[in-house]
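Note that subunit A is present in both complexes that follow, paired respectively with subunit B and with subunit C.
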Partner chain A sequence: MNNRVRVLKDIFWILSFSGLVAALLRMLFGLGATTNLTDGIPWGLWKVFNMIAGVALSTSGFTVGFLVYVLRLDRFKPYLKPAILIAFLGYGCSCLALLFDIGLPYRFWHPIFMWNINSFLFEVFWCVLLYFTVTAIELAPLIFEGLKAQKLVKFFHGIAFVVVIIGISLSSLHHSSLGSLFLVSPQRLYPLWYSPRLPLLFILSAMGGGIMLLVMVRIIWAKFYNPEPVFGPVSRQETTMIHDSRGLVCAVSSRKEPGFEMPDISRLALIGTGILLIYLLLKITDLVALGTWRELLSGQSESWLYGIELTFGLLLPLVLMLNPRTRNKPVPVGVAAGLAAFGMVFNRLNVGIFGYFRDAEVVYFPSLTEWALGLGVIAAAGLVFLGLAEYLPVFDDKPANAYLRKIKIKSTSTSHQVWNVVLADSLHRVSLLAVFVIPISFILMYPPYRGSEAALIKPSLGVDLQRSILEIDGDRRGYTTTFNHADHQRRLGDTGSCARCHHICVPKDKSTPCFRCHQYMHDSTNIFNHEEHKLFVARDEKLNGWHPENYACEKCHSVGTPRTKNSARDCLECHRENMFLVGEPTKEMKLMYASSFCLAMHENCLACHRQEAVKPEYAHLGECSTCHKTLQRKDREKIVTAEVM
Partner chain B sequence: MKVGILIDVTRCVACERCVEACLGRHHIDSSKAMRERSEYNDGLSAYRFCSIIKAAEGRFARKSCMHCLEPSCVSACLVGSLTKTPDGPVVYDTSKCIGCRYCMLACPFHIPRYEWDKLNPLMAKCDMCAERIEKGQIPACVEACPKGALQFGNRDKLLAEAQARIRNNPEGYINHIWGEKEFGGTSVLYISDVDLSMLGWPEYIPRSIPSLTEPLVHSTPFIGMSVAIGLVGLNWIIKRRNKLFEENNPGHAKETENQKDVENE
Partner chain C sequence: MELWIDFARGPLFALTFLIMLLGLARLIIIQIYSIVARKGRRLINAPWKKIFREALSWVIPVRHLIPGTKIFSIVSFSCHIGLILVPLFLANHIVLWEDLFDINLPQLSSSVADYLTLFTIVCLFILFGFRVFSIRLRSMSRKSDYVILIVVLLPFITGYMAVHPKMNPFSWNVVMLLHLLSAALLFILIPFTKLAHIVLFFFDRISAIHWQLRPGAGDQVAESLYGKEAKV
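Now for the complex of A and B:
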């Protein structure tokens, strides 16, 4: 095995292992804990990149099928097998990623029995399901050829035409429907990408991008395994021997003419280019017809994304392919094919993710787990592809691959040698990789459990009691109500009346705002910090030892009783002096929880207001709007100064 | 009966009684329903289906599911877990949902929210207290409103009521009923003296979203069939052309194949 293939495979294995870990974590901790998806961007990397772009990259299965079976262009026959294999693996890994993306993976079979024929997603589901079966049937002859089951091969060849026709019809449906999925958000998707012609744009770009991916795979395969048919024979005259510093002899060779397969590859790429050209024209017509081209010049981040998609993903490959000097050379064609495939994927990301940022007012960047699973699934598909292509005649290289021939000779001798040559070597590497990659990715991706703990909101500084008018902002969202503190104080009996409203404050604090304890509008809050108390008690009692806080328990919980809230001492036993009590507490209070702001305020204020509202002259005190007249913070200064004066 | 809720923004004082009633009706732990838990200023989350948001200085609007007459989410859900009842509420069958979150993408108002903190999450949104309506009661939020900002009833009567209010006080309201025609009409109607575009109301889209997609999705079987027939026809023509070509030039095909083999070797 040459070194380049080995490195490629190692990368694939690393990605696959980390993907495996990511899949495990996603199943253990759920979608929210492992992904960066939010209510604003509900569709992320797995759905848009793996599913929508992944399926679109696998179109070569039906386009080459169309060329060979329907148009009967026999020169493209050698590309049928790799195309079908790409389609099968592409759909397979898309479905696999989707299984992890849906919130309830164990219900993935629901759409088979529960129908909603109005839904495009339902149509996509069925088409993908059926087409995946179709690719499996199309792939069967290749597998049975490897297994030497000639009768089955013949049977599958017999039904090939019908299967191909079904496959093409299904593909023409779901590749456009993937675009139609986004027709539901005319005012949410950024106008550069939203168009009523999305289905047409999607199927055209998918067909072009799929063929280009096949071309790229063919050229990369040649580069790695058997360069001659594509990159051309090594010209003997120019082979020179060089002695390097270690005394080894290196052959430096140059290739002058591209290989005999290059014209066909170039033709295939030109077909893809033709489709992309139509796509480009349609895209431009769309921009002009909808008047969205102005957005392109607006300098928004979306216009830059669109620019990248258009320049690098469409124009550059088209220029490379249409230039007669570059379109017959393997490297420029490979680059053009790669760029075109990238452009198609980037378009899907734009439509499915980036185009929603402005409307959702959130930015989404996939989490490490999402990247690991998304890339890992593709890497696993790549491994399967390489594995199958090495042992089955996927690529019809006429002068059989030297590497493959070597394997065959050795593997047919004895089973022991098979183990030695094929498995032992790679098994060592793979297990070594697994030992390193799995724990590292586990540590890196272990999720901080999201959502179970509310973020602690820091209370602002104490309210200035000297001020005559207080601004009360219950849920601290900028809507405030003014409370005339001085007026209330005066009416209720001056300084002696504090206890009528104020009950208790936190230790050593004289102007705690109400919401320090009554934090949330509708929630009771835990105001007793047990961990902190352990430390403070240990410090105050001057306890010693390794973990002095562990000896502090019995200072509050009486010895021999279970350590629960009920066995604990009353807070006031310790805090009587520094608690700033305004009056005697009416009932014994453990002070573990403070009621919600809404409740506290209503109990506090409404009790008096209700009494007073009975009097006809104070009837307005019974109305909500008496207190809930709202005020913005910026107006605060104005009112406070006005009232004081 | 097509029911609806009329929301008069000029009457709302943001006391959030409706939110409280909603939490009580759905037995939601209020510690989960904090405003801060939501990713948006609107406060909606999987544990808070109804929220008060600021429409303008001193003006508040209740935001919750609009219960569109032709709901986009119902059309989008691939397993049909969302349905519009004959009464009007859009309800959600949790036993069918697979968690694809297409409803969240499809809703023009950003209403569906997801239980991101759960291992087996579901979508959550207002159901207009469909069970209560079936029993002849009115939705909990409407019942709780102390200022009459929310009004429940027959949608047509509510429309007439809204028009009457605007007619009687033309200076106090903008002459527009949000929800009358937008997105094909919604069961929840708004009248206001300030602009309500922050609720997700577009400038003016009179067409419902399903009307954009459903004709297309219904045509797909025919497109698929015609593609298949076209392909077979095309193949037949090409086959025949090849055959005629071979008959006219006997031995040509074989020769080229042989030539190719020779070239390759």
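Now for the complex of A and C:
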């Protein structure tokens, strides 16, 4: 087997296995624990990169279908099969990624029966669903040809024309609707990308980008499997033997003329370039017409992003393609195609994610789980693509297996030899990858091991000398709660009432603030210091030996049982006096863990508030707004500036 | 130090244990696949009853003792009792299984576990001694055989010291961390060394399947050994 193909497959397998683990963890732990999505940026990598950009990249299925079946350009017929395969796999992995992105994945079928005809997403759902079916039908002849079911092949060939027409109309519907999704938030999306003509821009760039991706895949495929039709034949006279520094003999060959298929490829790329040119003109007209071009010069991070998208994703490929010197050579065309596809994906990321940063006031970077699943789905699609194309005649008349040759071992390095020769059997090799990749990606992504990323809870903002009013904003998010300490103290019975809320203190302290133990907003904290307890007990009991703390275990843990927190003595046996515990401790009260700040505050306050809210005169105590009076930060600023003026 | 122990007990344990489980599963799959792929239909006619009876006889291999290495074999076999029972059923480990997989295993009483551990350690030392001093066994041993014996020995020694902190010249934390790290090393080595006989044992012992020869196989062997003219 070709060595380069094997390395590519190894990478794909690694990504797919980590994606598998990510999918599992997302299903077990939910979106909140596994992704970095927030209320500000609720559409992340999976939605924008996998779904919106992924669907847009697989437009080649309908554009090439249009060229061949409607315009009757028979020279593009060889590109129909790979285009349909790309479309099928692209839509497949978009749907798969979306399945993990929606909150309740098992309800994905709801839009089929519960219609919301006012929603763009409803239309997108139906079009994607139908078009996925259409690509499957379009792909069927290829599969049945491989299975040698000639009758079915004939049947599917017969209905191909109708199916392609349906596919074209469905595609032109939903690619524009994907752009319409962003029309609903003109205030939120950064003005550089917002335009009333987003639907048109989306469908044009998707068509151009899709064709360019097909061109790129064709050229890379040729590089990997069968270079001759694209890169040109190797002329015998030009082959020279060179001895390199390691004493190995290398054959250096030169290809002067591009292959016989290159003119067609470059024509296809030119069609894509034409569409992109219209897209570029429309985009610039839009900038001028809406007057948003000023933002481009403002030097904000957004203008840089827009600049990158425009130069590398549009202008550079256009220059490469329109220059007659480069547009017939495989490498520049491949680079141009790759850049154009990248530019289209980058545009979707800009519109879907980066454009919202300024409004949401948060910066979103996908978590490892999101990367793993997002790339893993694509890698799995790549594996299916390579697998199908190796056994079925996708690109040429014969399957690519025919071009694969056995690796000749030249290297003397042992590890290289082991990897290529001993593990040549794909079962041995892939399973060995799985054995290492799955555990490593598991512990890297397992939410409890990711550690508490939340910052420590901080003391209340405003505390005056009498501790009369506390302004509490534990995680400094800008949402404060005002707590009238003096008022509560007075109402609950002055001195001696402290114990009603301060239920436990750090040893030798009399009023430990809440945040000392309840250290995280949504996570519990371990408040028991095992290390120090061992040392203190050994010191207090005056134990001897090489390591006195080795003798301390039995002071707390009962002998002969496993030393866990269950076999330990209650903390209060020693600490009854100096921790000022109130009330009788419950049996679970091992004083190991303090609950999360959020939970602790709610439990502590609400117990009383709920009791009191029963009385008609204190009915308001049961409402959230009694404590959470604070408005959003932004509105606060407005109010403050209004007062100043 | 507590942080290191927590790390070794949490992520590192999960990592190495998963590698071990998946690695062993991989070996089972490859074994089954290769048997099915190579033997195919002939598996149906294999004398399964005989094969299984043969394989079961290896569970208590009294019949298979070879004169000359009898003591070695007996020690090695009895060493396995502790090797299997203590890691699985020690009270401290049962808590671990309960936390991780939510399964309740029966418990070895602590005195039995202590004696078994000491017995296993002694057995392992004897095996090591055999491999060093007996000429016959020394010539059969590779470097990895000595290394693996030491790696298996480490968790038992450190574990015993951790359970009896008073007999322990080092701090409990250090011993515990060593115990966890050596166990992690053992987990990783299991599927990739001869320790894989944890699962491959069953496949080795049904080797009768592998030796079902094709008709005319003898002639082929003879031909490849002695040239074309040779006949069986």
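The rule is short, and it goes like this: the second predicted complex is superposed on the first by the 415 of 645 C-alpha atoms of A that agree within 3 Å, B and C clash if a C-alpha of one lies under 4 Å from a C-alpha of the other, contacts with A are read in each partner's own complex, and residues count from 1 in each chain.
In the analysis below, a contact is a pair of C-beta atoms (placed from the backbone, for glycine too) under 8 Å apart; a residue touches a chain by one contact, two chains touch by 3 or more.
Quick caveat: nothing in here was measured; it's all calculated off a predicted structure.
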For A:Pro324 in the superposed arrangement: first (subunit B), second (subunit C), both or neither?
neither
Requested in this report: Considering only touches as defined above, state whether A:Pro616 meets subunit B (first), subunit C (second), both or neither.
Outcome: neither
Between subunit B and subunit C, more residues of subunit A are touched by B
Which partner does A:Thr564 contact after superposing on A: first (subunit B), second (subunit C), both, neither?
second
Go through the superposed model and pick first if A:Gly30 touches only subunit B, second if only subunit C, both, or neither.
-> first
Which of subunit B and subunit C A:Asn550 touches, first, second, both or neither:
second
Applying the touch criterion given at the start, work out whether A:Gly291 contacts subunit B, subunit C, both or neither, answering first, second, both or neither. neither
Subunit B and subunit C footprints on subunit A meet at residues 449
In their shared complex, subunit A is touched by residues of subunit C numbered 1-2, 10-11, 14-16, 18-19, 22-23, 26, 29-30, 33, 91-92, 94-95, 110, 165-166, 168-173, 191
Given the complex, residues on subunit B that touch subunit A span 13-16, 19-20, 23, 30-31, 33-41, 44-45, 54, 57-58, 60, 72, 74-81, 96-102, 104-106, 108, 110, 113-122, 146-147, 202, 205, 209-210, 212-214, 216-218, 220, 223-225, 227-228, 231-232, 234-235, 238-239, 242, 263-265
Listed in rising order, the residues of subunit A that touch subunit C in the complex are 427-428, 431-432, 434-436, 438-440, 442-443, 446, 449, 530-531, 534, 545-547, 549-551, 553, 560-564
Residue positions on subunit A within touch of subunit B in the complex are 29-33, 37-40, 42-43, 66, 69-72, 102-104, 107-108, 110-111, 114-123, 125, 161, 165-166, 168-170, 172-173, 177, 180-181, 183-188, 196, 199, 260, 356, 360-362, 398, 449-452, 454-455, 457, 475, 477-479, 520-524, 596, 598, 624-625, 628-630, 632
